[in-house]
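Next up, some structures in structure tokens.
The following pair of complexes shares a single chain, chain A, combined with chain B in the former and chain C in the latter.
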Partner chain A sequence: MSSSRRSFFHRSTLRAFVSILVFVALWEVGARSKQWFGIAVPWVGNIPAPTAVLHVWMGLVRDPGYWQSWYLSLLRVLAGFLTAMVIGIPLGLLMAVSRNFNDTFFPTFEMLRPIPPLAWVPASIIFWPTQELSITFVTFLGAFFTVVINVLGGAESIDVRYFQAAQAMGASKWDTFRRIVLPATVPSIVVGSSVGMGITWNVVVAAEMISGGGSQAGGNGGGLGYFIWNSYVGGAYEQIVVGMISIGIAGYICSELLRMLGGYLTPWLRTR
Partner chain B sequence: MFREHAASMQSRPSSEAEQLIVRLLKRTMPFQVISEGMLQSVAAVSRPFSYRAGEVIYRAGDKADDVYVVVSGAVDHLLSDTPTTVERNRVMHSGDVFGWAAVLGQDKRVRLATATCVETAEVIRINGAALIERLNDDPATAKVVMSRFATMITREFGAPAAAAQIVAPNRTVSDAPAAVPRPRGHATGLALTLYRISRWLRSPKPFLMLLGFALFLGFWYLSVQVWKLPRFREMPGLTTVFHEWFSKNPTYGLSFYTPEYYQDIWVSVRRVGIAFFLATALGVPLGLFLGWSRTFREYVFPVFEMLRPIPVLAWVPLAILMFSGSETPVIFLTFLASFFATALNTMLGVESIDESYTRAADCLGASKMQVFRHVIVPGAMPYIFTGLQISVGVAWFSLVAAEMVSGQFGLGYVINTSYTMVRYPTIGIGMITLGAVGYVTSALVRIVGDSMMQWRVRELALGGR
Partner chain C sequence: MLAPTPTASARGARTQGAICIKDVVKVYDPDRAAIMAVDHCTLDIAAGEICMIVGPSGCGKTTLLNAIAGFHSITSGEIYLDGELLCGPDKPMANPGPDRIVVFQNGALFPWKTNLENVAFGVVMQGKMRKKEAYEKARAMMADAGLSGTEHNYPGEVSSGLRRRVEIVRALMNDPKVLLFDEPYRALDSLTKSVMHEALLEIYYKNNVTIFFITHDLEEAIFLGHRLVIMTSRPCRPKQILDVDIPHPRDYSVLTTPRFRELMDQTIEAVHEEARKSFEAGEREG
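Let's turn to the complex of A and B:
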């Protein structure tokens, strides 16, 4: 078993390597010659080649402004995400526990939910005194709705028989909440927060692009979204791709960390 | 002894109608375990009935004499005495058994629920006393049937206390009715929808909903226009937005009466439509192949996974560089978001298929193509539709961003230019419209998905047995 698994692992790693290599090679060829084996591919021809991107990236690694962008975006993501968790989880639980509260506020919540978070950007800029706060607010909205919906969904999928059993055995309201509702919603909180994290990165990038970075200093100091936009405006096309890859890496690291934390919080799901 | 009994029953001539009843009973929860002979014996004491929509079959408190089995149509079953606020009604469809108060202990045969016909329904009625008498011909079978009745009452109607009073073959009874049924069953037809609406209107829900809306809108109005709270003062007020929206001659040039408004909606809807169509047409087959062929997945999935963590909106400048014009980049960005969601969910759908299905098909000599067509595609369907719903949502999400950054016309563009041109009430109009249009499109996808997966709904309802 273990030997077959290892050989399988080897083969799949090899194939992944091959596929990524082919992808990068096609990109390189397409970007340099604007054609693939005689077929013109103008849209690939318009983007910078991977070797050029790598070259620019190597230069940027030594630039503190680049790392400043990382830091600013990360800070906004964390601020928005944590606020969404702190407000969203109790709200979701409250809706799950109290029928009247749910009947009163859920329709309003559902009315606001279909409005994409980015549509809030202008309103948010008008409302909040600083750009920093308005970007964080939009980031918060992105994760907030997902977190609440997931908490609520998790609570609604609890088997009624658990409540019946608890009631039959004389459990108090608090006991029911503490022993049934809370543990049953932890997995969906984990799922909701990892989905929310993905949305948060999406939103932060767009908000930074639309609002112009938020930093009065300008230049490379406005977060990764602004870094990309600024590179586009300045004609540094290689930097656009560097920015995209950086955001991809940052988002991936955040989701992985969250997944690890989620696995730690839900040990009973680990074996499945 | 039982065998002899069954044989003697089978010798009795049975009509075609009785055969149909036997077949129906064979599908019901309490009767499915008993022998053909006993079923015929039960069928002999049953009478077919039909009810029109809206007709009350019985009311709580009535004397309970018959047990009912639904043949067709839909019947609403509402338990009267409930200690908790959990929903008490349940809609019964073909194969469901109700009116089980008729098999409770002798002095307990009083209706605990009100049964109302929702859709023209055909039922068969079986006299409870006669049923128990017939069943008692064979105590072993009677015990099984009664215990299955008890299980059904507990599990499907959530009334364990009532189940405890079910008549035992040796006729012992207990007391104290209580009921907490769980809602089950799916909507079929207009009658059922109307019925649900009327039930909803009679509950406190609409009032609480209105209270919620009033609180929200009231806060908006008061904070911006009456109290003029520090930061709220700058925001477009509730009445300003709605006045502008319904104005024949809007101050900022956008309202229900201006053609620009509909043009912007149309442009956005068209972009989402094209992107969603392309994403579905490419994403579903890709997802199916990714899930179906391990080789294909090992080669393609790494690239897919490499590109996926990049937020769609980070593609904006690159999309503008790649495609000429202002329309194609916006559609490309919208497409990209939908595409990843659709392909990934389809792949998960294929992976969720029980492996024994493909093995069974292989054993029965199905070709690869047949397995794909008859196992993989329908098996992945529920996940595909979940994916499509997510896909519509993210399509709107990225459309707004793309329209804000580049692009002309469209609701995202309206919101952004309203900000830069200081036409604040129009921002409100744009946001509300965007929410409404987005909601309608996701609802459409959900409705299409539900109607295409009727087979699954039926399968779940009838348990396939």
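Let's turn to the complex of A and C:
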């Protein structure tokens, strides 16, 4: 505990605070320039000021619809992300260990991989029975390809000496997979999943905007992406910024949780 | 088929671990480039002997080691371990097994396992011992090798010298007949090296396994070995075999003896000629 308290006052923490404070202050001055100096700073002058955003935000915090947006986006991200992990990790491992499997599936995989997830949105809406499923599917695609490529790359780059050493000590094929391939690939899985998580947030928000957010709950009920779009359409500019910052916070929390989990899964990398 | 009896006399108490390499040829890419790495190599290594293989870079020493370990096939010839055929005409590649364990140039400890788990890895996996038993034995062997206190560290957390020692203990835990060293101390500085040499000999005196040790370092070769096998530059074949008549157990004081200097001079002469040939042939370092 004492170490975390010390690091709170550490120079880098201080710099982070100064950086954010200066940014917000400049933003405030820019946004209020018309009101305070009579001249609007171009571009920045049209943005709602941070204090105004905060004011609106304070109001929204009491609105269940706002939290519903959080909940819906988070649900889609988690569903898409977890599905991507559950399908992507075994697929990547299979492609790494089986030549035949790799020869069969890799070309198809490589052809689908460059298609941006958002290009899937229309097809996805047609294909899946509910809008919820279409959005989740697109979210899944965002993480899926990254996870597979990372797992495959990680498993393929395992040093041959580890296999030789294990073989000499009497490892069977299954032992080799379980005791060498799997643990040696964990760092790549961790990296792949944290990159995938970031893409998932990018994708979910855009998918919600395009598809109309599946607004079965009405009003603000369609996820953070829809929340932003709806605010734009309704002219509530402060809410747009609230939505943007909310996504930033949500993405940060998800990445941080993944980092913690990743650190727990790869204790041997902690000291590096 | 009977293996020829090893000519070199057994040095240690061990009666197991005699390697007989008979007329071994290894050609890489026989259909096209046909690079001959090992050329009709014949060599007998007695049980319990420390046999140092010295030769220029890229001469094919590692190919020979890989053939004994069962990582690479041979093109022709035979290799026996205690009279049993490891690889030969009908079976070009030996099966890797716990009786022959390699200590690699850059180390091959599993970074995701602690040192203790690494040492216990083989016997636990083979089901030879229960985990608790294996850890107890591993702990005792590590203590014996001066590794107490590093059991729960990951290999990445200890110095490279200690890592090599853990790796040797891991190999010994499998009760091998032969330890195959592929320039294990190449990356170490000379001070660490000298400590490692004495530590290795100490471990050897306790366990008395056969050691097949590839090196560039002539001082290392003479200090450790019963015999030096000086290899020709590629293709690799024994050029000269030198008996090191300094009695074991040895410690670092032998380095300053006149006999050591004499042996050193002889070796330098023999190796230098091959090194020059190999250099002129444009062999890459490595």
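Here, the second predicted complex is superposed on the first by the 249 of 272 C-alpha atoms of A that agree within 3 Å, B and C clash if a C-alpha of one lies under 4 Å from a C-alpha of the other, contacts with A are read in each partner's own complex, and residues count from 1 in each chain.
Throughout what follows, contacts are C-beta pairs under 8 Å (C-beta built on N, C-alpha and C of every residue); 3 or more make two chains touch, one makes a residue touch a chain.
Keep in mind it's a predicted model, so treat the numbers as computed, not measured.
Asker: Look at where chain B and chain C land on chain A after superposing the complexes, then choose clash or fit.
Answerer: clash
Asker: Report for A:A184: first if it touches chain B alone, second if chain C alone, otherwise both or neither.
Answerer: Second partner only.
Asker: Check the contacts made with chain A and report whether chain B or chain C touches more of its residues.
Answerer: B
Asker: Check the residue A:G251 against both partner chains and state whether it touches chain B (first), chain C (second), both, or neither.
Answerer: first
Asker: Using the touch definition from the top, say if A:Q164 reaches chain B (first), chain C (second), both or neither.
Answerer: A:Q164: touches chain B and chain C.
Asker: Once the complexes are superposed, what residues of chain A are shared between the chain B interface and the chain C interface?
Answerer: 164, 167
Asker: With touch defined as at the start, can you tell me which chain A residues reach chain B in the complex?
Answerer: Those in contact with chain B are residues 11-12, 15-20, 23, 43-44, 46-47, 99-100, 103-108, 111-123, 125-129, 160, 164, 167, 198-199, 201-202, 205-206, 209-210, 224-225, 228-229, 231-232, 237, 240-241, 243-245, 247-249, 251-252, 255.
Asker: Can you list the chain A residues touching chain C in their complex?
Answerer: For chain A paired with chain C, touching residues are 159, 161-162, 164-171, 175, 179-180, 183-184, 186, 266-269, 271-272.
Asker: Report the residues of chain B in contact with chain A in the complex, numbered from low to high.
Answerer: Those in contact with chain A are residues 84-86, 158, 160, 180, 182, 204-205, 208-209, 211-213, 215-216, 231-232, 234-235, 295, 298-303, 306-307, 309-318, 320-323, 396-401, 404-405, 411-412, 415-416, 418-419, 424, 427-428, 430-432, 434-436, 438-439, 442.
Asker: Contact residues on chain C for chain A in the complex?
Answerer: 69-71, 96-98, 100-102, 104, 106, 108, 110-113, 121-122, 125-126, 154-157, 174
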